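The next part holds the structures, each set out as structure tokens.
Next come two complexes, and both contain chain A; in the first it sits with chain B, in the second with chain C.
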Partner chain A sequence: MTGSLLEIERLSVSFGGLRVLDDIDLKLAPGDRLGLVGESGSGKSTLGLAILGLLVDTASVSGTIRFAGAALPIGDDRAMSAIRGGRIGFVYQDPMGGFSPIHTVGRHMHHAIAAAEPDISRRAARERAAALLAEVEIRDSAARLDDYPHQFSGGMLQRIMIASALAGNPQLLIADEPTTALDATTQANVLRLLDRIASARGMAVILITHDLGVVGRFCGDLAVLYCGNLVSLTTVARAMANPVHPYTRGLLDARPRLDEKPARLRTIGGVLPRAGAAGGGCAFEPRCALGRGVAICRNERPLLLANRSGDRVACHLAGAESEVAASC
Partner chain B sequence: MIRTVLARLGLSLTAALGAALFAFLTLRVGPGDPARLVLGAFASDEAVAALRAEMGLDKPYVVQFVHYIADFVTGDWGKSYAMGEPVRSLLADRFPATIELGLCAFVIAVAMALLCGMVGSYARRDWITRLLRTLASFSIGVPQFWFGLILLMVGFECLGLFPGPVGRLGFGVPPPPSVTGLYTVDALLAGDLATFADACRHLLLPAVTLGLLPFGFLLRLFWANLDDVANEPFVLVGRSRGMTRWQVFRRYVVPNAIVPTLTASGLVLGQMLAGSVLVERVFNWPGAGALVTQGILQQDYSVVQTFILLSAVVYIVANLCVDVLVAAIDPRIARKDTAG
Partner chain C sequence: MLNLINITKSYPRKGLFGRGGEPARVVDDVSFSLQGGRTFGLIGESGSGKSTLARIALRLVDPTSGTVLYRGEDITGHAPSRLMAFRREVQPVFQSASGALDPRMRVAALLEQPLVIAGGMARSEREDRVAAALRAVELPADFTTRLPRTLSGGQRQRIGIARALITEPKVLILDEPVSALDVSVQAQILNLLKDIQQARGLSYLFIGHDLAVARFMCDEIAVLERGRLVERGPADQIVGSPDNAYTKGLLEASRWSDHRG
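Up next is the complex of A and B:
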């Protein structure tokens, strides 16, 4: 697979013996948009940080991550610093917290630009910073470089965050819930902006979110994480039309809808088990509408296997599921 | 920035007046009569009343207070009843000595706290953090006079590296021509390096003793602030931009963590300028501490009131500097002042 931008193989992450990510396999081609979805605590943010090599010191990581053909030097922080920013960009969920309150936006931009290109002159860096801010539609961008973060709105800050993530012209952008902290209108604007920039630059994006609506608008592929396991990897279109994995179906059913008015939102019963608490069987079994109590689900770990349509699903009942679904 | 300074200055003056009023009232509300103390138990009531009138103590408190403030501002600090000398000449040598000791201790405490805090927070080796944590606990827990004596025993008696408790300069070394009253500074101004070195050698042990407690306090505070800021999202974001751990630490973590530490260090400075009686005793330092303690016991109003106001002024100037420094670092503070 020479065409892959990112290849994750058997990636596992644990914190003090607790497995937070379990044997993740994932591939991404240049320009791809992958939505990484799961409940809080499913390990989606951990996966993003693992790719960036920014997990805390106490995390133990195994497996390989290949980026643009070469294995990432995960354990070597100095070597990873050269890849972060320059090759892989990152957008954090909370734009207010993502900026040092005592530095101007221009300083932040300068730091990001200088990290990717150490020899750049102050003047050239400032011009680049202004151009990047203009790219994310900040009006009067050159003058606003001297303003402090508290002088911007949340939506503007998130756009500036995107601009600083673009400083090194990355081939991959990892956006960790980039719109969660914003109101609905601003969310739509930021997504539209991200869409335009990613298309124009041919940049691949991993969008980490728990909002399937955002994935539907923005992503081509959908990866679903449950309790540190990748349970489903399909295209967004197929997932929306016919979610094969019962967990994906549950997530889709839990979305609020405009065309019907249920008394309350549908939910998936139960809670996410504690990381590493899963026994020998499928981690979703206790909450699964199809497999609860089924012997094979309880006792055997389902593997992530390709099905007829080319999707990959980790579910013993994935084949039988469409008939069961039709009958209810 | 000018508005910030003015706003703080206004607040500070109010604080100084408050301090003066507090000192004034505390001395007068307490039991005893200075005139009686001066004249002795066997003086006639008429003599005491005459002296009270001469001292102005028969006037209402309000008048006394206004006189006190007006005289302080014009430089007439009154006479010590107990010593029969003008307060000005009593404090002329001693107040600078206290200031020199306090400032030096303060600089050592802050510099070491900043250094150790940064090392402790940045280092990833267990033994370094454990060592520094122990040092912080030791600094806070150890009694000042005991530590001073130990320093003298080791530095003077055993190693002979430092002079004994003989005051500000060695025997036979004349004080430098007085400009600021601080021997180290005056010696440098006069270009007299030998005197400067001697003054420094005499200053170091008492300053370390006096600075130990604030060092421990500031170290803990700064360290905790650094650790807090290191968990802020902007640190993660900075790292994701390709900055190294050190770059992010230097650019984002330290400047953000230093603001509350600076504010606290301003408060500490006030303590150091006033509260060095014990250390002055141990090292025979000719500061104002002993004079003021004696003044309080003898109800020597002018000495105590003047010292308290002088300390308040120094304290205010120091905190004003800190405030300006903080406003220069943190744009949100300067903005709050100009908005309000």
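Up next is the complex of A and C:
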């Protein structure tokens, strides 16, 4: 995470005075895979949209986002739309909703290709569309350009959406819950495919999801958002083996496991507070197994600080917890 | 409690000019039974026929052939008028509680609606039932005045469960009840469903696609592939050491997204 492809500095986003992203710092090197994880309402999708310059006009944004060395022209719609669909690609959850039912897949692909390369000939665009569909492993790709979205399964449509996101040869792909609507087998297939494509192209990926499990085999780094705050930035391997932040631990523990059957699942008590509702302390304090009622957690906002392993964690008690974990 | 015997469901395939081909079989000769106080899991992917089976078990859809027994009685051919008791005792909980809840109705009205439709219950008794159902799903009593859109996904699913409980059923048909929820909320709802089952001795038919969730919830699991049952057995065995190739594939896919797998 040394930066240079994407550098987000002190990014804050508010809607009508409600702060949904608070002072986010995040860096991505070329080819990095970052999992951006949080519950609904954590601000994870807002962060994705901010990088894409897709926030609504009523959002007030401060801070900077630098991409490939230059500040992103946030607020300049024309300039942003050239980057979006070009050097930054975007894939989202609902493959069915992403395609107009009355246009062929070829026309959707042509649209994406022409956006990235306005002077391309029809014929070259069609060849390129077929090549992109082949890259996402749609068989008979040239012939299938003439088919309509309803003639494809959900998993295939998700792959076609990935193909259209690749039209501009992006250096960064932002994938917002790309597999949440899919079956387990299809989900695994789409992630494997994305894995191969990203490796082959050296493309960086930000995978936005509520499910830590999805991040497991796909991402190298993990950023956890809670209530608009970045609470933990670690490698996935370290987060899975020994999650330092109590919220990350809570998310991991809540997941049912294949290899054991507990009488009850461990849960994170309470609900995510509304954006901007947190007082002066740690936003997670009221739900925290470790810090609930602890004076410092209630009164002081924890800073995102580097620990000995090089991870960054915003928790007053994170050190205490690793000691507990070590003695067990 | 509930037996489905040799259930087949096929739909006519309509050609362009109304000429039918071979009918499409979405459920093919499936049998299983739900024991009192236990959870039977039907696991499959989209297109496996699991939701069609849920609708047949709820008697919302007629099977093409086969028999549905409820407490030993053949209810397959029963007219709606003879299904009143069955409808009270066998209740559904669906994946998308928001889709099942009328956005204009407040929680109290949503919850008492099944009782109003059944009729014959005094207002005060209905209010007592509503209060009890909210307690059962661990929501505050003042939620009666809330509108669905003011609720979180997890709270909406709790209302969906409360609504299923309002008629004091014996069986719940849980059709992907946590698939649309965040992992953290999913754990709360699964625990809640287990608590309710224990407290009330309910039987569950649990329909889903996630083997890890199924292992936690179910005593027995049956795996559906394209309308056919390909493997069944105790949950621990199916998830721990499946025999069938399709089940193995599902398990492998689940491991791929299992964080420690």
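The rule is short, and it goes like this: the second predicted complex is superposed on the first by the 319 of 328 C-alpha atoms of A that agree within 3 Å, B and C clash if a C-alpha of one lies under 4 Å from a C-alpha of the other, contacts with A are read in each partner's own complex, and residues count from 1 in each chain.
Quick note on the criterion: a residue touches a chain if its C-beta (ideal position, glycine included) is under 8 Å from a C-beta of that chain, and two chains touch if they have at least 3 such contacts.
Values in this document were obtained by computation on a predicted structure and should not be read as measured data.
Contacts of A:M161 after superposition on the shared chain: chain B is touched, whereas chain C is not. Within the superposed three-chain model, A:G310 lies out of touch with both chain B and chain C [touch as defined at top]. In the superposed pair of complexes, A:D183 makes contact with chain C only, with no contact to chain B. Within the superposed three-chain model, A:G85 lies in touch with chain B and out of touch with chain C [touch as defined at top]. In the overlay built on the shared chain, the residue A:S40 is in contact with chain C alone; chain B does not reach it.
Contacts of A:G69 after superposition: neither chain B nor chain C is touched.
Once the two complexes are laid over each other on the shared chain, residue contacts for A:G250 go to chain C alone; chain B is not touched.
Residue contacts after overlaying the shared chain place A:V271 against chain C, while chain B stays out of touching range. Within the complex, the chain A residues that touch chain C are 39-40, 154, 183-189, 191-192, 210-217, 240, 250-252, 254-259, 261-262, 264-268, 271-272. On chain C, the positions that touch chain A within their shared complex are 45-46, 152-154, 182-188, 190-191, 194, 209-213, 215-216, 235-236, 239, 249-261.
Only residues 124, 232-234, 236-245, 247, 251-252, 255-256, 259, 329-332 of chain B touch chain A when the two sit together in their complex.
Listing the residues of chain A that touch chain B in their complex gives 52, 54, 57, 77-78, 81-86, 89-90, 92, 94, 97-103, 111-112, 115-116, 148, 150, 161, 164-165, 167-168.
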